[in-house]
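You will see chain A twice below: alongside chain B first, and alongside chain C after that.
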Partner chain A sequence: MDIKCYIQASAAISPQQSFTGDYTPQLLPLTERNLLRAQEPGYAGFIPPNSLRRMSRLLKMGLTSALQCLRNGNASVPGAIITGTGRGSLQDTEKFLHDIRTYEETALNPTPFIQSTYNSVNGLVALQQQCTDYNNTFVHRGFSFEHALLDSILQIQEGAAQSVLTGGFDEMTVEHHYIKSRIGYWKTALTQPADMLESGTQGTVAGEGSVFFLIGTAPSAVELKGMQMLYKPTPEQLSASLTQFLAQQGVAPEEIDLLVSGRNGDTRFDHFYDVAEKVLPSSVEKIHFKQYCGEYDTAGAFGMWTVTQELLSGRHKTALLYNHFYGEQHTFVLLQA
Partner chain B sequence: MEALKLKLKQQIIEALNLQDTKPEDIDDNAPLFGEGLGLDSIDSLELMVLLERSYKIKVEDPREGRKILQSVQTMAEFIMSKQAA
Partner chain C sequence: MAERVLITGIGMISAIGNNVEENFRSLRAQRSGIGYSQYVDTIHRNVLPVGEVKCSTAELAEMAGITDATGFTRTTLLGLIAMQEALLSAGIRDAAETPTAFINASTVGGMCDTEKIYFDILDPEKEGTFLQLIDALDCADCTQRIADHTGLTAYVTTISTACSSSANALMYGARLIRAGLVQRAVCGGTEALTRFTINGFNSLKNIDKRHCMPFDNDRNGLNLGEGAAYLVLESESFAQRRKARPMAELSGWCNTNEAFHPTSPSPEGDGAFEAMRKAIAMSGRTLEDVQYINVHGTATLNNDVSEGRALERLFGDNVPSFSSTKPFTGHTLAAAGAIEAIYSVLSINRQMIWPNLNFNARMEELRISPETRLLEESPVQNVVSNSFGFGGNNASLVISKYGY
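On to the complex of A and B.
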């Protein structure tokens, strides 16, 4: 990168107690279904009551994590707002679709339709912060957050913005969980996060969350060195691309002291993580972040939040995030303290 | 009329998710928009939908809607007049 990019602040609403800024990941117990639900914070200090009553769950999570991120970065109006979401507000989408059926395409409430659009969170953040600059939402399944991140880097490299509020958010509903279970997304038997990586079965545990970063040119403790996306690579292509990516970044594999991987215990696709791990020394410390947040389209944002927290802790110097979404969308992100 | 107004207040609270409001907090003649309940233009659309779903009354003319949605009293009077017709 010609212009260095830094993670100036972050905020995460996730199944973990992450919103308070604590980083103590726990292997949470599941009792009903293979789904790690996000722990929602109190919204009163972030959203006016008259707006709060109309917002659905994902909008509240997205707006609140975005605002907390800006507060953490002592910023008010970012130079751009760029986000990714794989599904947007499912709760609103389902309500709107149910109403279409129930009322036979008449008498439809406007609110669920408005909020079901993917760029609702961006719009809310922009309205609340009076940000009239570049505003974009990417909806590319497992590449949604990653394209938001890429666009953020490009905005900074082109001098269009000095700081960018970048985020990824997705929610899971009971109905959508059921639909995805029918096409093999989740493990059929209730599987605890503590056991999911060794379960030896197909599918994984679902999750949800909303994670935001303030990325900018002002130096801070964590530098975003680079990223690369790969679509449906073979294991050979993946290995060669990772080697090439590290070389392009001027980082030897031996310099990586932390690998944060999206390994999720799905036997159909975990072999990709084996391939990536073989490029690095066997001694490298590994964290498999989906045990803590579950699988969802923008889980990569939680992965990058995990990397950021690890680097801020001072335990590591150079960290690689490698994540893929059901074997199709693969991403490397390199960060350095 | 009184029963209708009470029912309307309950429906408004539910439709607009007015969590801390009880039916007795809404004065029959208080303006729904601006000062009174502080509702906005999206709420007015929600109330139009409420009339259509619950009372099978479709308000076609927006100018007419503005008069109907002034207060719970005007809404109830409008519903009564339509039901009587």
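On to the complex of A and C.
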């Protein structure tokens, strides 16, 4: 990159106690279904009470994590707001579908329709912070947050923005969890996060969350070195691309001292993680972040947040994030302390 | 100096035609595609007019050359038809030969088909091929099916910024080219009419029961539409090397946010003003160089005041000819930016300005009124195309005659 990009601040709402205080990842117990629910923070202090009443869950999580990220970065108006979401506000989409049926297309409340539009969180953040500059939303499974990240890097390289608020958010409802269970997204037997990687079964554990970063040109502790996306690669293409990516970044595989990987225990697709691990030295420390946040379209944002926390802790110098979503959208991100 | 981004191929399907040539003929004949729906199952079917593509989903599958259409939604098929034409018109036989980005846009993905079986999906007693449509509940499904069918795999993604989605897709693709990440990007959007969206806009009281009347004092809302459109963008050097025929240049663009209200623009059109001003500045052209503005012009009460005020503020007493083509196609949401970008290319290539249909009386808030005549042999070198949406998302594109 011609202009260096740094992670200046972040904020994460996730199944973990990640929003406030010191972060220690926990292997949380599940009792009912294979779904790690996000722990919602108190919204007072972020959203005025009259707005709070009308807003659905994902909008509250998205807006609040975005605002906290700006506060953490002592920033108010970023140069751009760019996000990714695979599903947007599912709760609103479902409500409007049910309302259409229940009320037979008459006298419908428009609020769920408005909030179901994928760019509604972006609009709210822009409105609340009076940010009138570049604003974009990507909605493509495991290339939602990732293209938001690339767009953010481009904004900075173009000189259009000094700082970008970049986020990824998704929620999982009980209804949608059932829908996706019908096509094999989740493990059929209740599987604990502690056991999911070794379960030897198809599917995984669902999750959700909202993670924002303030990415900018002012130097800070963690540098975003580069990223690459691959669409439906073969294992051979994956291996060659990772080798080439590291070479382009001027980083020898031995320099990587942390691999944050999206391995999720789905026997159909975990072999890609084996391929990536073979490119790196066997001694590299590994964190499989989906044990902590579950699988969702924009889980990669939680993965990058995990990398950031690890680099800030001083335990590691050079970290690679590798994630894919059901074997289709693959992404490498390289970060350095 | 960043490279120029050229438009070397176009493909589309809309209520006024199944390809670019048919669209052109309808524009020239001033023939609207608005009418009552043949294919959407809604109680509003004979009340709210729409701009529907005049083919059943099975007919679309045949046009797209898909023999087994299981899992292909109307959204995907519309997109495939437009994509095939775009590649053909750019002289690209094998799209996989050159690493090419595919930047698509959609507001509700495969909802047109999934809404019909949604409650069957929720019923554990029901089984069948309809379960193959579950993945089409999102916006990525149509994009990936089109990408897989055509071999566009270098960068694959989908943008959703409501009514400005495909304008943003064009911008993003152009920026990937300028950054040197790819030499070619195919960008645009696809949108099918759905009961979901018709009820959504109807609940907002934004739909006119008559044919929509952009910039008319008596306007009372939009007509929804469907369609798909893609533009092949290439770096100038790459296009020259392969001797591609440039149709126009995408010379300027800007994305701004209103930060005013979730579903309404500011009355003075601040976002629209900035988007147009900065896009024209980027293009290196002056205000006087713009001969035509293809306005967003949805015919909602708010949009036309806001956009009209922005035009008056930016251009003063010299507002160029402007018209909304939504009375032809309806408002095709995520596809609108790309459909209207192609109409802008046609305006330059055919030296014509499209009429704003259904206009009778100037708005009392404005001094300006749209072009209501078809202007032929009209010198057009630079066109501004506007797309504004929910969430305050505004986008303006400048499309210029190449070499000018």
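Just so it is clear, the second predicted complex is superposed on the first by the 336 of 337 C-alpha atoms of A that agree within 3 Å, B and C clash if a C-alpha of one lies under 4 Å from a C-alpha of the other, contacts with A are read in each partner's own complex, and residues count from 1 in each chain.
Simple rule for what comes next: a residue touches a chain if its C-beta (ideal position, glycine included) is under 8 Å from a C-beta of that chain, and two chains touch if they have at least 3 such contacts.
As the structure is a prediction and not an experimental result, all values here were calculated from the model.
Between chain B and chain C, whom does A:R71 touch in the aligned arrangement: first, second, both, or neither?
In the superposition, A:R71 touches no partner, neither chain B nor chain C.
So, A:R33: does it touch chain B (first), chain C (second), both, or neither?
Once the two structures are laid over each other on A, A:R33 reaches no partner at all.
After the superposition on A, what does A:P110 contact: first (chain B), second (chain C), both or neither?
A:P110: touches chain B and chain C.
For A:M229, select first, second, both or neither according to whether it touches chain B, chain C, the two together, or no partner.
second
Comparing chain B against chain C, which has contacts with more of the residues in chain A?
If we count touched residues of chain A for both partners, the winner is C.
Classify the contacts of A:C131 with the two partner chains as first (chain B alone), second (chain C alone), both, or neither.
Only chain C is touched by A:C131; chain B is not.
Scan A:I81 for contacts with chain B and chain C and give back first, second, both or neither.
A:I81: touches chain C, not chain B.
Answer with first, second, both or neither: which of chain B and chain C does A:R54 touch in the superposed model?
Touch status of A:R54: first partner only.
Which residues would you name on chain A as touching chain B in one complex and chain C in the other?
Touching chain B in the first complex and chain C in the second, residues 106, 108-110, 114 of chain A appear in both lists.
Sort out for me which residues of chain B touch chain A in the complex.
Touch list, chain B to chain A: 16-20, 38, 40, 42, 45-46, 49, 52-53.
Under the touch definition given earlier, write down the residues of chain C that touch chain A in their complex.
Contacts found on chain C: 42-44, 106-107, 115, 118-119, 121-122, 131, 134-135, 137-140, 143-144, 147-148, 153-162, 168, 172, 175-176, 178-179, 195-196, 199-200, 202-204, 255-263, 270-271, 274, 389-393.
Taking the touch rule as given, give the residues of chain A at its contact with chain B in the complex, in rising order.
Answer in residue numbers: 49-50, 53-54, 103, 106-111, 114.
Within the complex, which stretch of chain A touches chain C?
Within the complex, chain A contacts chain C at residues 81, 86-88, 96-97, 100-101, 104-106, 108-110, 113-114, 116-120, 122-124, 126-127, 129-141, 143-144, 147, 151, 154, 157-158, 175, 178-180, 182-183, 229, 231-232, 297, 328-329.
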